[in-house]
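Each in structure tokens, the structures are laid out below.
Consider the two complexes below, in which subunit A is the common component and subunit B and subunit C are the respective partners.
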Partner chain A sequence: MPNIVVDGVQVEFKPGEKIIDVAARAKNVIPRYCYHEGLSIVAQCRMCLVEIEGQKKLVTACSTPCTDGMKVNTTTDRVKKSVAGVQEFLLANHPLDCPICDQAGECSLQENSYKHGNEDTRFDFFRRTYIDVDMGPSIKKNMNRCIHCTRCIRYCDEVGQIHEMIAEQRGNNTAIVTIDDKPLQTAYAGGLADVCPVGSLTTKDFRFKKRVWYLKTAASICDGCSQGCNITVSHDAGLIYRLEPRENQEVNKWWMCDEGRYGFHHVHSPSRVMSPTDLRTSEMKSLNWSEASNAARELLKSARSIGLLVAADATLEEVVALKKSFPQAEFFSFSIGVDKSEDDKATDHLLRRKDKSPNLRGLEEAGFKPFSSFDPKNFDLCVFVSAGKVRLPYGIAKLAKKSIGMGLFFKEELTGLNLVLPACSTYEKAGTFVNQQGKKQCFAAAVQPVGMSRPLENILSALSDGARKVG
Partner chain B sequence: MASFGKEFTTEMERIERFYPNKQAMLLPALHAAQAERGWISDSTMQDIADYLSIPKTRVKEVATFYHMFHLKPVGKYNLQFCNNIACWLRGSEELIHHAEKKCGIQMGETTPDGNFTISEVECLGSCGTAPVCQINDDYHENFDVQALDKVLGEMK
Partner chain C sequence: MHQEIVFSKYYGQSGVEGLDYYKKNDAGYLALTKSIDMGNEKVLAEVKDSGLRGRGGAGFPCGTKWGFIPKNSEKAKYLVINADESEPGTFKDRAIMTYTPHMMIEGAIIAARTIDAHMIYVYIRGEYVKEAEILEQAIAEAYKAGYLGNNVAGTGYKLDMTVHRGAGAYICGEETALLNSIEGKRGEPRIKPPFFPAAIGLYGCPTVVNNVETLAAIPSIINRGAAWFKEFGPEKNYGMKLFCISGHVNRPGLYERPMGYPLMKLINEDCGGIWRGRKLKAAFPGGSSSPVLTAEECNINLDFDSLAKAGSMLGSAGIMVIDDATCMLRVAIRTAHFYQVESCGQCTPCREGSMWLKDLHLRLERGDGQLGDLALIEDICNNMDGTTICAFGEATAWPLRSMVKKFRAEYERHVTEKRCPFGSRAH
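Showing the complex of A and B:
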């Protein structure tokens, strides 16, 4: 394999790779604004200038392909001076509003200012100012902070595949706008906040909610559809604040859709049932877990045939636990959008799928029958398992003779159920999903179960073993 | 949608074979449209976009980038003064003030009768004959107050 030398460190490269990527592999992160791995290269911010031995001019690391034996220096005085100069120019018009800017703490401009910038500003003139603009339901724009890297324009072109953002005017007057101030059309608008290196484009959902340095992260999988996009869940003190895509070249690359990005609010919904609830009498009664287990056992004892309808966001681990706990029962899967995974198809050019559940394939591989063959009247007792975002058909429990709901239920969904045992949503548990490609993907729990909710496995083992307490 | 006149379409048809695709014809299309309509309005941008089958956004980013495309109506005579260093050292400032006084308008404005517009442009690439004023498509080189008066007089 050919090599280049970056600051004295030898790194291998594949032909065609750019210096910036190869250097990053050697843990030498060259500062950049306009460059993003997932977008086309424009080499316009001039932040990644490096010196190549034997070449007179500095070159942009983002657009220069490696050649064998190339010696790259990123720390010479010339490079430092140039980078500090670019930084100073970018800060000429940038407001010093970091204390009220949501990007603070994860801002490229801020980080590079610490590492490569000057301590002081020599700019004494008026800074250009704009008012904040709404860009549709997802994004708010603060043009004052913009550094004209044009990542957002290329993101709309290449990821959203709608040419809707443009750089209007030029030079000092350049403004990033949508045409006629129309709201953004793309279903991937939230990603603009990810690619924006500064606090210019932020999601309305996360804006002013939390300082990013308080957030802890967990690697998870989006449960919004069968694509199984890899995501990072940011949370603090048991509350989820935002979901962001996590790079996985085989599944979602760097991206995720807005539907998935904002699809976590049900976890903390005030109408979520958070304690075991007995609905056999006319009044709703909250139970503790041992009472609830007893109630469930009573219901199970009298039933000769049991049918389970499991929403297809149960993890493989939960499927195993269910099969073990109900060896005689019949299992049915339920997903929104499709009945069987073979009907699943892409609904746009990038990520979104017709099957709005994350694990239908996993359930089918475990031998679950499709929902279309499920008739609640055939069973003495139906167990409805709703383990995440997929909502079971409204009112289906009314058709069952007797029924237990396990998992995540909302107060308005309880009609017909006799007993509800609250379990975890996707982000409160660890597990494995099988995505539409058949890829098994594990994820970690982000937050503690909300209220009295317990992992489904714990609930089930308490049912089969009366001596053992749940939780 | 208002369609373009015959001159525009013949020009577009004439040059089409020189360009790899329709989007590449955007600059000549903007020039031709401006020649026909005097300025590039929002609906003109839409018309060009429709004509070239490209999104209107592509037209807008180019039209707003170049100062030679007028996004507001301009007067019959558009006095475009270069105020970059060579012209400025040779007295363009004085010329501009004189023109402003003479027409009774400020920089960037148009006279109420729609005859004159005064605008400032970046270097016209004629520093050797500074100061320069471009009136519509014509260069007036080695310009001075007397010449300006003469030109303005002829134009009225």
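Showing the complex of A and C:
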């Protein structure tokens, strides 16, 4: 394999690779703004200038391909001066409003200022100012903070594949806008906040909600559809604040759609049922867990046949627990968009799928029958398991003779249910999903279960004696 | 010094731009016939041998550039003529296109045949409305006479030529920005590598971009041979050249002189000296992008290598002469303002630096500056120099840095006297 030497460290490269990526493998992160692995190269921020021995001019590490034996220096005085110079130029017209900027704490401009910038500013003229612009339901733009890296323009063209953002005017007056100031059309608009290295594009959803340094993160899987995008859940004190894509080249690369990105608010919905609830009498009654277990056992005892309708966002672990607890019951899966996973298909060029559940394939592999063959009237007792975002058909419990709801239910969904046992949503539990490619993906719990909700496995094991007797 | 008028015989006359006039008085299109007889390889060898250097500003050898075009490429090849003459103080291509458009067209046809291009684009600056009309008329004449079209001069070679008008951006004179502009994209220079459009140019195909004056020199080289061409000018800087002189001289205008012609001779003898009996203070030898020369430094020969050795450049040969009643800071403001307005805004140093420099100069001229601003100007120029995609960063930094270095005392007086010593007011 051919080699280059970066600051004295020898690194192998594949032909065509750029210096910036090869150096990153040697843990030498060259500062950058306009460069993003997932977007085309424009080399216009000029932050990644490095010196190559034998070449007169500094070159941009992002656009220069490696050649065998190339000696790259990233720490010479010349490089340091040019990097500090670019940093100073970028800050010349930057408002320095970090105290009220949502990006503060995860801002490339801040980080590079600490690492490579000058301590004070020599710029003492008026700065460019613009007013904030609403760019559709997802994104708010603050043009004052913009550093003209054009990542957003390329993101719209290449990831969203809609040409809707452009650079307007030229030179110092360059403004990044949507064409004719229209709202963004792309279903991936939230990603603009991810690719924006500064606080210019932020999501309205997260704006002004939390300083990022308070956030803890957990690696999770999006439960919005069968793609199973890898995500990072940011949370603090039991509250989820945002979801962001986590790089996985085989599943979602660097991206996720807006539907998935904002699909966590149900977790903290005020109408979510957070304690076991008895609905057998006309009066709705909250129970404690031992009362609830007794009530469930009573219902199970009298049932000779049991059918389970499980929303396809139950994890493989939950499926195993359900199968163990109800060895002789019949199992049906439920997903939105498709009945069987073979009907699933992509609904756009990038990530989104027709099957709006994360684990239909997992349920099918465990022998679950499709929803179309489910008839609640065939069973003495129906157990409805709703383990995440997928909502079961409204009012289906009314068709059942008797029914228990386990999982995540909202107050407006309780018609027909006799008993509700609240369990966890996707982000409150750890588990495994099988995505549309057949890939098993594990994820960690981000937050504690809300209210009196318990993991489904715990609920089931508390019932197990009763269940076995019935079964 | 050997000299002969090649280009500018008919400049200033009317009715000289037609095909008939060119054929009658300038051996029009004989070079094309001769080049067909010679064959492409001999033509290329002749141009290489003549040592003709590009007249657009960089002075890159023309024959070498043509030689970069891959011979076995299956892609279409293009010849693009850079007629986006926007460098302040430059007006030579305009004269060629106004008075002798066929000279350029003939050169372009020879060039296109040599590099096997079947399409020629003329990218002409938007403000040249009349010139574009003349050019289009001349192209129509050439089509009618069979020099363009499906059967070039009876050889069966297909060649088309079209005029593409710019929309008023200085940066579109940079060859890769020009190509982007033709493609309908934003006029922003492309990143390097590739270093030459010969590899990946217009629409991703091999492309040669030549200046108007370069191509206008081709017919005479073919007609009279490389040896004749080399009679003019010093070594490696051959040929006759159009010098544009503007500013504080008695007879500003366009002068055709051999390369290596002394600047002082041009100013004092040809242009009748500095106007109003004043003294020479400084001169830009190659448009506003070239580092300024002080009066002492003006004892120099006008060719690529002599000027490069003196730390300046011949550029587009747009010589701007400045007399001693002029405030250099005002010159700097005009320069800085121009570059601030024309920066494409792509690269950080150029976008932010050009504006900062203009603001600093304006403040100094108002008398509000500090002595530290002088060092700051130099440092900003240093940070812009060599850190941008195209040469625009240097084009901004070089003249401004040279002015603050060479006329430091004058700048300092603005600070200490808190006003402009020349009494001019900042605009």
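Definition applied: the second predicted complex is superposed on the first by the 464 of 471 C-alpha atoms of A that agree within 3 Å, B and C clash if a C-alpha of one lies under 4 Å from a C-alpha of the other, contacts with A are read in each partner's own complex, and residues count from 1 in each chain.
By definition in this document, contacts are C-beta pairs under 8 Å (C-beta built on N, C-alpha and C of every residue); 3 or more make two chains touch, one makes a residue touch a chain.
Just so it is clear, the structure is predicted and the values come from calculations on it, not from any experiment.
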Do subunit B and subunit C fit side by side on subunit A in the superposed arrangement, or is it a clash? clash
With both complexes overlaid on chain A, does A:Gly54 touch subunit B (first), subunit C (second), both or neither? neither
Answer with first, second, both or neither: which of subunit B and subunit C does A:Pro327 touch in the superposed model? neither
Can A:Leu90 be said to touch subunit B (first), subunit C (second), both, or neither? second
The answer to whether subunit B or subunit C touches more of subunit A is C
Just to be sure I read the superposition right, which of the two partners does A:His163 touch: subunit B = first, subunit C = second, or both, or neither? first
After superposition on the shared chain, which partner residues are touched by A:Ile179: those of subunit B (first), subunit C (second), both, or neither? first
Touching A:Ile41 in the superposition: subunit B (first), subunit C (second), both, neither? second
Touch test for A:Phe123: subunit B only (first), subunit C only (second), both, or neither? second
Per the definitions at the top, what is the overlap between the subunit A residues touching subunit B and those touching subunit C? 167, 169-170
Looking at the complex, which residues from subunit B come into contact with subunit A? 42, 55-58, 60-61, 64-65
As the complex stands, subunit A meets subunit C at residues 41-47, 49, 57-58, 60, 63-65, 81-82, 85-86, 88-90, 92-93, 122-123, 125, 147-148, 167, 169-174
Along subunit A, where are the residues that touch subunit B in the complex? 163-170, 179-180
In the complex, the residues of subunit C that touch subunit A are 169, 171, 186, 191, 193, 340-349, 351-356, 359, 363, 376, 382-383, 386-389
